[in-house]
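So that you can tell them apart, the chains are marked A, B and C in the order they are listed, and the count of residues begins at 1 in each.
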Amino acid sequence: MTPAGQRSALLDARAITRALDHMAVGITELAGKDGANELMLVGIQRRGVELADRLSALIASRTGAPVSRGALDITLYRDDLATVGPKPLVGETRIPGDLSGKCVVIVDDVLYTGRTIRAALDELADFGRPARIGLAVLIDRGGRELPIHADVVGKAVTAGPGDRVDVLLTEVDGRDAVELVTGGGA
Amino acid sequence: MSAPALAKDLLGIEHLSAEQIRLVLDTAEPFKEVSERAIKKVPTLRGKTIVNLFYESSTRTRTSFEFAEKRLSADTVNIAASGSSIEKGENLVDTARNLEAMRIDMVVIRHPASGAAEFLAKRIRSNVINAGDGMHEHPTQAFLDLLTIRDRLGKIEGAKVCICGDILHSRVARSNIWGLLKLGAEVAVCGPRSLLPRGIESLGVRVFRRIDEAIQWADVLNVLRLQLERMQAGFIPSLREYNRVFGVTVERLARAPRKTLILHPGPMNRGVEIDSLVADGPQSVILDQVTNGVAVRMAVLYLLAGGNPERAEAAKGGAE
Amino acid sequence: MKPIVLRGARVIDPSQSHDGVTDVLIEDGKIAAFGRGATRDGAEVIDVSGKVVTPGLIDIHVHLREPGREDVETVATGARAAAAGGFTAVCAMPNTDPVTDNQAAVGFIVKQAEAAGASRVYPIGAISLGSKGQQLAEFGEMVGAGAVAVSDDGKPVVSSHLMRTALEYAQTFGIPVADHCEDPTLFHGGCMHEGVVSARMGLRGIPSASEEIMVARDLLLAELTGGHIHLCHMSTRGSVELIRRAKERGVRVTAEATPHHFTLTDSACLGYNTNAKMNPPLREDPDVAAIRAAIKDGTIDVIASDHAPHHYDAKEREFDDAPFGIVGLETALGLGLTELVRGGVLTLPELVRRMTTEPARVFGLPGGTLKPGSPADVSVFDPEVRWSVDAGAFQSKSRNTPFAGRELWGRVERTIVGGKSVYAR
């Protein structure tokens, strides 16, 4: 058995780049299904925002058209606020323009229980009525507690309930890596 | 190191750390955006019941708290002193215990007696937020003043802030003094000596006898409301003379070496402590204060909510 | 009643300048003999070796609330609280409802005290009718009924003319006029000492000058009239200095200080502790130091408790609205022993003097001595026992003390009034 707290690499920087390329294609295809609907990427604070930035650049270079981006902090929509303390810091929420009629793709680093995405869906609904909402995640680690699935996945991994998946990004952490922390907690 | 957090209650600024004050100000930032949304409501405090217990009339503070509570989806009940059991002579403890028996989560209290919020907090399990107690503290007013200054000057540290007027009877002054000092501002007060508490210097503030000296020195003037009752009580001879000697006027501001920022907690006595041209002028941030008031109150409600300090405590322990 | 021998204690009697191990014989309600081996056939011998025996402690300033507020204290419960505190006699202030301002009201207190059969209670009559500060009460009639002094305590005598006439008129009867010194126009809704702590707490302050102005006036009037002014519960360094100078020039002034004023400062009010709300208010460190020095050098003659019971509901409220005052009878000796004797301010005999011989002298009371032939009022305490103040265990009906939970030295073992044990552990 691996000792608790031991880190092992799931993706290195090059693998992340490949995964993002793959995701950019997937998102373009997803948006393409709806024809003329304008695409908007909404990153979930904190690393989803950085991933959305990278993905929008990749998509723009492919399609030649700029992709609008937003940021969403779902803290205020969490279903466990009454029990967490101290209260988490709330990050910025920035949704440019009206969402009505757009194809919104939520971008996050790790998909696990699905509760964050449930909160994000609720929050997005307060900003308008998109034609369609999709979900793109860098890592799907399984372990869903809600009927939610990702439309675009960079890499699917298997992690136990006691493990933690850390996504590290250069913009925030100084390097690109995805690591599994055994027994590190979710 | 554990992340900063607030205690069960918000009773004043005096006993908060600089980290806790910054936490509130930083938390207020994202809440500003919520009030700009088309749907100005998030579900954060859904199912929480908040009582606004106002023993003194107050339009601005009560409305601001009510907006903050509603934008966080809390259920709110307003109780004013007149026309309630309070008017029938019920004491504060009994009122609070009766409310608590109805399973409320938070009490926002405004009361004419200094210490009333602390008194209540020691006797009930709900979170208590002090919305102004006598001449003691008005912490959310200090937060919104601090946030407004920080928005405009970029930082509080090193700012020279002079609080002008009736310091003796002012809870706004006390809360501001503590908050500004803790965040590294230089603080002064200016007003007639009859309206300054004895020993005010020992809190670490300087005293200006003349408003012109204060204007020469300050980056920010926080002009307090002069209660009309002070005249009858013999603290000052007349409002006219007060305006002549201590009023913040355009002429006086024009002699300032810099663009002085003008704050006022409201409601204003135009032509007494502040001239209309100043209040409505480009240096006034009085309406920004009001806007920020809702954001800081949302932040405080968010940070205190939970109503389950044991579990919060346990969760905190786990993070360390 | 069987004769009693108190055997083997350290007996301190300032009236005889005695401090040493000896025996005391009590017979027929009087001190019958004083000295090693004093005994009588058939006497009950009480071994009090290791303890201290003194003349009965006297508290010249208490509020017993009867008539009017029998729910918070009565003459009987107050007299029992006194006994439990080691006091064999107390002087009851007249600010009852109705005010003790006439012969009948004074007689009522005397009668209630006799019925209680605990410590002695000497009434103090009002200076003015209803303590309203206008018309003099009948001093002579009240003295005839048992009053030992006059005072409008609880309120100052605002009119200088009234104070002057009271000081003059009281001389006929040889009683002191006791004043609660406070300038009501400076008081201005204050609820604690005016200083840095009140500024922080946002509470209206009572400046030291409020007391000192009246002290100065009273001293001048005592000098003018030759009357005996007794200044109650002195709290400020300024008051102490005024009294010291007046005594130097021969003014007939006596003064008292309370245990709380020589123990606590205004910071006891922090947290809006209504049990630290009293009038005069708790002052600052230099004031406490000045009060202690004044007790030491005799500028302050007497330690008195200003025992002021209040219902717990009345104190369980906002600081502004809570009443002034604390109970003090059952903590006074312990605070004196702990703060003054163990605190290095007084010797034990000096403390005993300020609580026995001096109060008897100031108010012209019997007692305060163990000389053979005097009433057998005796206190026995163990200065080496440490105890924790438990307000719930008070004999007083009220619990409003800022000293709850405080560790004090010196426990009362036995209180004897007129040869009868009215309190024994």
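Here is the rule we use: a residue touches a chain if its C-beta (ideal position, glycine included) is under 8 Å from a C-beta of that chain, and two chains touch if they have at least 3 such contacts.
Model, not experiment: these values are computed from the prediction.
**Q** Name the chain whose C-alpha centroid is farthest from the C-alpha centroid of chain B.
**A** So the chain farthest away from chain B turns out to be C.
**Q** Where the centre of all protein Cα atoms falls, which chain's Cα centre is nearest to that point?
**A** B
**Q** List the centre-to-centre spacing of chain A and chain B in whole Å, with centres computed as mean CA coordinates.
**A** Computed value for the inter-centroid distance: 39 Å.
**Q** Take the average of all CA coordinates in chain A, do the same for chain C, and state the distance between these two points in whole angstrom.
**A** Centres of chain A and chain C (C-alpha means) sit 77 Å apart.
**Q** What's the distance between the Cα centroids of chain B and chain C, rounded to whole Å?
**A** 45
**Q** Over in the complex, which chain A residues touch chain B? Could you list them?
**A** Answer in residue numbers: 73, 76-77, 81-87, 89-94, 122-123, 126-128.
**Q** Can you list the chain C residues touching chain B in their complex?
**A** 194-196, 198-205, 207, 271-272, 313, 316-321
**Q** Residue numbers of chain B touching chain A in their complex, please.
**A** It comes out as residues 2-5, 23, 26-27, 29-31, 33-34, 37-39, 41-44, 72, 302-303, 305-309, 311-313, 315-316.
**Q** What part of chain B is in contact with chain C in the complex they form?
**A** 14, 91-93, 111-116, 118-119, 133-137, 171, 174, 197-200, 202-203
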